[in-house]
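Chain IDs A, B, C, D, E and F follow the sequence of writing; residue 1 opens each chain.
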């Protein structure tokens, strides 16, 4: 049984800081180190969205990449790019914006809008040259 | 139980267009957009071939990478590189050369020639900075 | 005296072949090898456009990158991307589309449209993992 | 006459926004677009520092790369990484933090601390997959 | 059920040769080719370590990346970087240092030191532009 | 006046150590640090060779890339790849194999064999993710 998956790569840049208001300043400084820096810092997140589905024999495609471009643009890049993740993103309200949590929230948004027959397989976010996160949900 | 896989990366460049002769011109233009461009366009496809097998205790290898180089060269690069995928490739006759279909055809060719005990795991093709396809069959 | 340059990176994919009609088939086959392949082949060209100018003290910019995006899009990507370089590109009529000649033609187009005070410094085109061309004109 | 140059590559991530207080809100919004976003955004800047000097015949080196690592760390990465460029960086006070201006400020700091006989040649900063800046001063 | 994985990327450089003392010189030359070269050769191995675990709701993390940095540094980079894999690495004594075997030994070391609740998923080693190995054990 | 340059990218892997026999062990350890490691270490050097020349109007090329491939293969890759730079390379006898010196020796070899009308412009060697050397001679 064949499995065909598409991988869509893009980038968004945003500011954020890691700070859990349920804990005091000392705990936050010790836990998050420089990521707790009070005036925010930022990243270019390299994002890979992986989806799976049957290949339509008429088009030879799982999903037109241009369709996937639009979904990623509308659901992820438009709300996150050039934003402050602690302040300006409705679907991140109350979420500690670690790359782990960010990946889970992006999963949630994309899973709901994929066309029937196309399944979300993985969200990958690279936050720096040495650190990335991969998220999936079954 | 350990699993050891080899990943072999290479590149081929070819011309092609997407056009399904079972449908009319308007359908093809609407479905494939610029990829339906009449005089072809092209890509450098970055290809990754992933295989799995037991490590031979004498050689410490699943398969000599030079052996894998030769198989990939003979079965994929030689017939596809610097070719027109719509016209010149026998095993693509009648195939709509989307990256999805291309990956499936490459899988078919390689699966048949791998030495006993070595199993094909995945064929990955990157067609542009933002779009790739991964194919596997169990 | 400071010099500040911007580098703009993008990608276009096109089909082409190398064939000089002033010479016979044998000469073309011997000279261009697989690049003379009759039914075209293609590439994703990774393009870098480098421009230089004074930094405007009000904006802190040589030129807004979004402005540069638009010029590159209109003058280079729109006419070349998903096209056949031997057939469909008015400004390549009669030009043998080697990466060297392609870079010179792209230079010509961009040099004419850059805003006053911004100078084109170099056009770089990577045609494969191992081969690129850099072009400049003083 | 030979010229030998070293290129040192590293990365820092920071938050910032582009806003010139000498102009009103409408001018800033029109000039800087999404980069004027009020609550900051951020980048991973990929930085390349290029220096030139004679090769010491005893060590075969222009400058020990570990020495260069320390200078880059102390003068650039330590003050900029995980910081807000509009608020927390003494040497950026009053500077509009475009990548052009950032490169000039980094040049200034490094040029002053290089050992005798080693000359700064260029500072390059990549702010996104498609946009970079190169700065030099003679 | 969600799965969150971290991927940690780093690089080490070392010398080695492939030679199995249980076989004669001719067998070794025929089997390992240039990798049997008597005075060693070397690589920069690009290493990716993938781990999986539950996201701690207080920290939003599977494991602090700085913690993972320290484990990778102590268990892999410190003993392997700038070393001769045939001579100087205690845990490689008697091991033919193919990339396959290297990945298995790195797995062994890391699997033993990960904190409770964090599971090693895969060790990936890229030895050249075209060849990599992925290892996992369940 | 136009200038057209070709850039040829390849990779070789070799073992080496840095040790200057004119100095004692303590000096060598202090000067070269881990690169003085007694049993060698190694790298994959990413090499870029840049040449310049007039574009031949018949071929549209400065030099056929396949010709350049052969020169690089014969003069650089064949003698260096999978070798020990301290022991096995005739043209490195008595040379301390820092990346600076390596680049100068590669320049010397290539400058002598380029066809008339083609000028060597630069040799670039990347020894790790963060460190490279560029060499040129006028």
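The definition used in the following text is that a residue touches a chain if its C-beta (ideal position, glycine included) is under 8 Å from a C-beta of that chain, and two chains touch if they have at least 3 such contacts.
Since the structure is predicted, the reported quantities are computational estimates derived from the model, not experimental observations.
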- Note on the structure: Neighbour overlap between chain B and chain C returns none
- Between chain E and chain D, distance of the C-alpha-averaged centres to the nearest whole Å: 34
- Item | chain D and chain F: spacing of chain centres that average the CA atoms, whole Å | 28
- Query: What residues in chain B touch two or more of the other chains?
  - Reply: 129
- Task: Chain touch graph shape: choose line, ring, star, complete or other and state it.
- Result: other
- Note on the structure: All chain pairs satisfying the touch rule are A-B, A-D, A-E, B-C, B-E, C-D, C-F, D-F, E-F
- Item | Residues of chain B defined as touching chain C within the complex | 11, 13-16, 34-35, 37, 39-44, 81-84, 87-88, 127-129
- Query: Hey, which residues of chain D end up touching chain F in the complex?
  - Reply: 1-10, 50, 55, 58-62, 64-66, 69
- Task: Quick one: which bits of chain E touch chain B in the complex? Just the residue numbers, please.
- Result: 18, 20, 22-23, 31-33, 95-98, 100-101, 103-104, 129-138
